[in-house]
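Okay, structure first, notes after.
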Amino acid sequence: MKIMEDVSVVSQEKVAFQTHLLRLSAGRISREARLGQFLMVQVRDGTDPLLRRPFSFHRIDAEQGVVEILYRVVGRGTWWLSQCDSGARLRIIGPLGNGFQLPQCGPAPVVAVAGGIGIAPMMQLLEKLAQWLAPSGKTREIHLFYGARTAEEFIPGKAFDTLGITVHWSTDDGSRGHEGFVTRLLEDTMRREKIKPCVVYSCGPLAMQYHVARWALENGVPSQLSLESLMACGLGACLGCALPAVNPAAPQEEHYLHVCKDGPVFKAEMIQWHKIQTHPATPPIFLFS
Amino acid sequence: MKIMEDVSVVSQEKVAFQTHLLRLSAGRISREARLGQFLMVQVRDGTDPLLRRPFSFHRIDAEQGVVEILYRVVGRGTWWLSQCDSGARLRIIGPLGNGFQLPQCGPAPVVAVAGGIGIAPMMQLLEKLAQWLAPSGKTREIHLFYGARTAEEFIPGKAFDTLGITVHWSTDDGSRGHEGFVTRLLEDTMRREKIKPCVVYSCGPLAMQYHVARWALENGVPSQLSLESLMACGLGACLGCALPAVNPAAPQEEHYLHVCKDGPVFKAEMIQWHKIQTHPATPPIFLFS
Amino acid sequence: MAQNSNAPGDTPDLSVQLGPLRLRNPVMVASGTFGYGEEYEDFLDLERLGAIVVKGISLRPRPGNPPPRIVETAAGMINAIGLENVGVDVFLKSKLPHLQRLQVPVVVNIFGNTLEEYAQLAAKLDGVPGIAALEINISCPNVKEGGMVFGTDPLMAARVVQVVRRATALPLITKLTPNVTRIGDIARATVDAGSDMLSCINTVAAMAVDIFSRRPKLANVMGGLSGPAIKPIALRCTLEVLREVHCPVIGIGGIATPTDALEFLVLGARAVQVGTANFVNPSVTTEIIEGMERFLRVEKIARLEDCIGTLDTQCLFPFAEIACELTDLP
Amino acid sequence: MAQNSNAPGDTPDLSVQLGPLRLRNPVMVASGTFGYGEEYEDFLDLERLGAIVVKGISLRPRPGNPPPRIVETAAGMINAIGLENVGVDVFLKSKLPHLQRLQVPVVVNIFGNTLEEYAQLAAKLDGVPGIAALEINISCPNVKEGGMVFGTDPLMAARVVQVVRRATALPLITKLTPNVTRIGDIARATVDAGSDMLSCINTVAAMAVDIFSRRPKLANVMGGLSGPAIKPIALRCTLEVLREVHCPVIGIGGIATPTDALEFLVLGARAVQVGTANFVNPSVTTEIIEGMERFLRVEKIARLEDCIGTLDTQCLFPFAEIACELTDLP
């Protein structure tokens, strides 16, 4: 059941470089939502911007009736969203899309890859997995490969240590952990430590996802990649959020899946990676100067 | 000198039915402004609404560096303006247009007519006139004919009594003063009391202004009418704010004056009243329901 | 008989006659913006709609264009979906049945790349129960004529309507493109060719550029602009069409509020279609219907039909009568 | 010689060659939105502009249309000013002298209702010092041809350019209207007829309706839409024109930010004109010029000329090379 709900902002907090945490009092949606799903937010009244913006659930707390989104300010929409104070009203639609699946495997480790704001849908998932695995007595490891451009972009994740999640940090500028791409760190670590995970969860820029997908396919690791696309409706109606996909019935044919309806979580083998065009990334330098 | 100034909201207050008083800290503009002139306000960031909105100076306080506008919420722009809190930033342009002239005549009374929010540019003008006339020892009367649809639309004007301004109230529904049009009250009062004013100042809806103009012309009273028109630039560049006018050189020819440049204060005889089309008045019932 | 007074408690009559169709209200949803209806069932009661126009259908399934397919612009969006659809066979088998069970007129939007495709498609849909009308999308390239868009030439547009007219007895709505010099000419040609109604407008040809990657923001380079930005263009097109033909016209373009919808009706459109606004607010159509009802109450109008075509372009000077006596003063 | 590196301190070179004109930067102001320049002198240094296009001038003064002349729409406005202007004689006597004293190219926008008017006007302006070019507004009704707009027909448009070409040696810019089926055809016809450059686009035909008074919101009923709403249409028109002709093109339509302006340049326009945005922010052109400079610094580009026409419509799949090895995986 998809719900349009008028919610109020419980709090808004800047938690890292250009990154905000927004808590929304959304009683109805919080009860229906699952991790990996997303919502569409009307960031402002009126026609500027016109369309809603999609954000993953960062945390879902059905008991408190609260959902959280963690987002990076990258353009007009997210900038205006960052201006909302506690008590402000927002119109949201959710929960949309399909969430993450729990891993279907034995004691093999679970691997997660997060690039930049890609940490958003991952944090509570990892916490849940850790809590779920601990009592089961299985000595299953959880590895998070967490990359960013620079150290100040990382979200403070206090819970990692106490939950026994091994975090592998990487930054483009070497300011924390490995210097270079997080996918390179993933490949090297996995090869060196001869880990054969039972699943890889991943969220981040498409260029990163491509490398995760390639690694997963080459190593036969089942994957759950949360992918992005420009969206108008989030409901499967506009067909705008298409990604080039493999048609299992006719692999040579042109075929598309839709992020809002068939995703946002996909298996690596579903996507025709060589046909993907990243949507243009316009640095917002003129907006904020 | 026209100035574009980024100003901050000192305070915003609801002072009557759908009517707000906005105090702006506008050091530079306040020093240049004269009563009867106006400013253009960008009510909100972004493209909704696109154009600035014109408002008369309600009060100018050059010493404090503050200007006030008094406005009625009638549509999107004024509604958003009404949402600004103290401290909010607004971009304004002013002072624009020509202000009111002081009356050039002997001891004859001064008459002012205000319809609804038309009181905005009138209040400080009348106060100034009263203060200016008092020490001069002239026993000149000041009459304000102040009309509204209903009593709760009137702006509390404490100063009137103490300044010796005679206020003639009228409402469409009879809830205060004369029941009916303020221009009817004006005509009747003037005829009955055989007053021959030396000037009539007037601001209000075009339909009211038309009747004031007719009365002024028929009775040979010099007039200063603050007129409105839809505006894009406020600078004399777009030529959008035209009013059909009398070309003294060729009275039969089609001719236009521009409210932002040639006004907003006009003499009744300058306008071709029979050619005026009021801009459509869209009641904002759908906006606010 | 005709209701003349409208006491406060009365429910105003929103129904309109649209050619052979009687609609419970004039608010339809536009093709390509409402899927096959199901996508919106969580947000509104589909049976409250005047009619549903489904996503454009072709003879064979079409995968659509590569992404990016959409981009937001000022008060609008551009789409280059590429008419992705399941094809007429899957439509009839798995999409239509659900709609047939509902009490709401279903209009099937059709398109082809050749005259034959239009004709075959129309033949397949002819006589299928639960279809109220066909809407012919003529904003498609004619592959046999060097890719020139059918709807940009009166003769080609008329030929499409003719072949569809021959293939079916269903009421026909021709959907006009605004990307022409004289939309009235296309309107006349298609009506003369047998179109019972017109809908107006499809999207406005547009594009967007990314200055950092130096690439078009749409993989297809060009696309169609829709949303509030185009409403003034759609109103102008609608008036031009109404001045040229006398058949029922459906107004489309940027409608997002009750006021927007009423503007097209006042102009003379007998119904409207809501498109892009569904994306922003999936229950916007219900809000538009309720707003129209409120309008009629406030304005004390018993029947919405009484608003249609009431635009007054003559009487522009409200003070003219009362003020003419002023002219010879000073 | 050509500067190839761009050290942080360097000022990027914004100058562009526009046909015979060398502009210090590509940011011009659009006709009818900047008066005769004076109106904006409190807000910016006119000599920083690439060029000033003055309000459209006709042979005789024109009073313009009755009000209301403008109405705001979503991210745009419609105007029906009716080309009010002081006429060429007053322009030469009392408006031009002030501009002549400034170090900024002045482009005079001209229009007429007959071919003769265009020709006489051009003759009057020929040889006047301080005029850099004429911009021919062909979006006017041809009164001798039943009011059909000159710019909507290739032959009529070409005739206007021909008569102006014969009457003056000044560089000619033809300003195209978007209200046509194939803007490329008009572009080609006017260039063949002797236009040195093109500017693109004029306003989009539009209207607005008031549902309470049941009247058009403009006394003239229809008018021209401008502002951010039309930028996607203007970009598309500019690309269509660039694909058809090889002369310098000036992009116009909805430009309000440095990014907007750069989009037209990347597409291949050699200059831009800023219109409606001047109303919202009278010093917007200065901000656009400064923003372009910042862009070049950030992107480490020495000369703005190097951005012009760099749109890449081919390479749409950035992962194609690195990813093709993936295709034959599972």
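Labels A, B, C and D are assigned to the chains in the order they are written; within every chain, residues are numbered from 1.
Here is the rule we go by: a residue touches a chain if its C-beta (ideal position, glycine included) is under 8 Å from a C-beta of that chain, and two chains touch if they have at least 3 such contacts.
All values reported here derive from a predicted model rather than from experimental measurement.
*Asks:* Which chain pair shares more contacting C-beta pairs: A-D, or A-C?
*Replies:* A-C
*Asks:* What chain lies farthest away from chain C once each centre is taken as the mean of the Cα atoms?
*Replies:* B
*Asks:* Can you work out the whole-Å distance between the CA centroids of chain A and chain B?
*Replies:* Whole-Å distance between the two chain centres: 55.
*Asks:* Taking each chain's centre as the mean position of its Cα atoms, how many Å separate chain A from chain D?
*Replies:* 44
*Asks:* In whole angstrom, what separates the CA-based centres of chain A and chain C?
*Replies:* 37
*Asks:* In whole angstrom, what separates the CA-based centres of chain C and chain D?
*Replies:* Chain centroid spacing, chain C to chain D, equals 32 Å.
*Asks:* Got the chain C residues that touch at least 2 other chains?
*Replies:* 66, 74-76, 211-213, 215, 219, 227-228, 259, 295, 316
*Asks:* Can you list the chain B residues in contact with two or more other chains?
*Replies:* Residues 47-48, 275-277, 282-283 of chain B touch two or more partner chains.
*Asks:* Testing understanding: with touching defined as stated, what is the shape of the graph linking the protein chains, line, ring, star, complete or other?
*Replies:* Graph shape, chains as nodes and touching pairs as edges: complete.
*Asks:* Under the definition above, what is the set of chain D residues touching chain C in their complex?
*Replies:* Within the complex, chain D contacts chain C at residues 66, 73-76, 78, 152-153, 179-182, 204-209, 211-216, 219, 221-222, 225, 227-233, 235-236, 239, 254, 259, 262-264, 266-267, 295, 299, 307, 310-313, 315-316.
*Asks:* With touch defined as at the start, can you tell me which chain B residues reach chain A in the complex?
*Replies:* Counting only chain B, the residues touching chain A are 44, 46-48, 76, 80.
*Asks:* Can you list the chain D residues touching chain B in their complex?
*Replies:* 32-35, 39-40, 42-43, 55, 63-72, 74-77, 79, 81, 84, 210-213, 215, 217, 219, 227-228, 256, 276, 278-283
*Asks:* With touch defined as at the start, can you tell me which chain A residues reach chain D in the complex?
*Replies:* 47-48, 206-207, 210, 213-214, 217-218, 269, 272-278, 282-283, 285-286, 289
*Asks:* Write out the stretch or stretches of chain A touching chain C in their complex.
*Replies:* 1-4, 42, 47-52, 91, 93, 229-233, 235-244, 253-256, 275-277, 279-283
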